[in-house]
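Letters A, B and C mark the chains in the order given here, with residues in each chain numbered from 1 onward.
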Amino acid sequence: MNAADSAGLLLSGIEVAGTLAFALSGFIEATRKRMDIVGVAAVTFFAAFGGGTLRDLLLDHRPFFWVRHSGYVWIVLAMVVVGSVWLRAVHLSPSARPMLWADALGLGLFSASGSGMAWEIGQPAIVCALMGVVTGVFGGVMRDVLCNEVPATFRDHRPYAICAFAGAWAFLAVASTIGAGWQALVAGVLVTAGLRIAALSRGWRVPGWAGERDDEPQGD
Amino acid sequence: MNAADSAGLLLSGIEVAGTLAFALSGFIEATRKRMDIVGVAAVTFFAAFGGGTLRDLLLDHRPFFWVRHSGYVWIVLAMVVVGSVWLRAVHLSPSARPMLWADALGLGLFSASGSGMAWEIGQPAIVCALMGVVTGVFGGVMRDVLCNEVPATFRDHRPYAICAFAGAWAFLAVASTIGAGWQALVAGVLVTAGLRIAALSRGWRVPGWAGERDDEPQGD
Amino acid sequence: MNAADSAGLLLSGIEVAGTLAFALSGFIEATRKRMDIVGVAAVTFFAAFGGGTLRDLLLDHRPFFWVRHSGYVWIVLAMVVVGSVWLRAVHLSPSARPMLWADALGLGLFSASGSGMAWEIGQPAIVCALMGVVTGVFGGVMRDVLCNEVPATFRDHRPYAICAFAGAWAFLAVASTIGAGWQALVAGVLVTAGLRIAALSRGWRVPGWAGERDDEPQGD
């Protein structure tokens, strides 16, 4: 197996892990809001597929990821049903370490691949980078809007979208020199996930407006 | 008049009744939120046309229902103006029996026809069923998001989206055996509306997460 | 320089001023919600480009305004960064007079040009008018939904969408007689902005539902 095959396999694994981590974040937030199983399923779907679907709508790209790979829809449905029956006693937390890693890697992959789709159709670099961020982040934004919350990533002062933005530029830098292949994807994943994990473990904070200080309570 | 003509006429009648019921649900919620007439009109439009429009965006289908039949836009506008002037003294309720029936039949028709549109362009069955649910349900979801509420259908524990899901599968079962004609639409409408009316009259409940019990207050 | 050139230059100036006013309204609301800089940037983008992007999605029009003119993305990004550093001491208000004028003119231009895009592809007049309103108004609606508020324009009883609606019809009236050129755009801008400024300076109010009176507190 050569390097490209290994990278392809690795990226597929990250795609699965990332999608599940995104889905699980929706599952957890919806159950916290005491939604019924329909609401839990809907929010889980949006968290898992919302970012990629918005990117595809914006880029006029069909079929959607979850239409092309409809097995993912069944997996998420199964997760909701099994989760509702079986996880009653389990206290899931989105801050558990394996979930943070899966989420960070997924964020990196989706941001890089989202940038890549815009890159392939010749969009300006800043647009490619934004499409990457949308792909990685807007599933979570839709999740929070449906749960009637200000999106967490807009106000929790923890780097998330910024890591995706940096990773998207890393992807674009490699893509513009040696092409938009697996090397560029890996670069994007490494930069995004590395920054995200470093930010969490070192407590880096995104600045807020108007002299807000770190020691200040964040409200809400 | 043969069976197909009668069915066509019946389905057209259901389309009008269902659209008006959806619109009225938006009108009622927006007025409850004490919106001005602009907000009432906007929420009414989203409730009436939002689900079908989202389906058409996802399926890349143009022109939209309300562009093809722009008479509906005038009807909804007239409803908002007349309603704002004349219904001051009337206490409308979305739980009035005629409205529940119109809503249930409309839900059935829009779910079946939404599934049918995805079916015609060869999407996987699970995707067709989800498109049906989106068509029937997301007008109400957008209505609630614009009113700054957690969508009612995600948390009221009353079967709604689930009925649409079942009806979509009924449509797909008939469509895959004898074709996606009026028989499949009628099957979808009957299953969705029958389940919905039965669920309401017998008090069936959608399970929630984490051992939530029927006798427990649902909070807000 | 002939009349068409002058009008073109004027309309370009209005486009820049209107986009900045829309962006600034997002910046202000996001900072009020104490979002971090990521949230401020996202809400600012949606306020600036959301209405036009929704219109383009609905009309299946590509590339988007902000993809075609990606310089605007850099300007908005720069505004967020500079604003976050430098405006700490400045008390911006969306009710400042220059901002109200820029917003009113931008509303007029975006409504007229949105109607024009629907007009060019032969949509019914009522659909063209609605597309104009969507273009002018839905950036603000998305801004408020992301900030977890009922959209201000739906409930503040101050004419905004109605002015855009009237201006869109003015555009369509001129477009259907002498063509959809700069004269129609100028007519739309004048009607929308004129009505908006008149409404604000004279305190005109949009009626609400169920006998709500002007002297009644509007609650939240």
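Keep in mind that, in the parts below, a contact is a pair of C-beta atoms (placed from the backbone, for glycine too) under 8 Å apart; a residue touches a chain by one contact, two chains touch by 3 or more.
This is a predicted model, so every value here is computed, not measured.
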Cα-superposition angle relating the copies chain C and chain A, to nearest 5°: 120
Chain copies touching (chain B, chain C) - same or different residues, decided at half shared: different
Where chain B and chain C are represented by their mean Cα positions, the distance between them in whole Å: 31
For chain B, residues that touch 2 or more chains besides their own: 57, 60, 145, 148
List of chain C residues in touch with chain B within their complex: 57-58, 60, 123-124, 126-127, 130, 141, 145, 148-151, 153-157, 160-162, 206-212, 218-219
Touching residues on chain B, where the partner in the complex is chain C: 30-31, 33-40, 42-43, 53, 57, 60, 62-64, 66-67, 70, 73-74, 77, 84, 88, 145-148
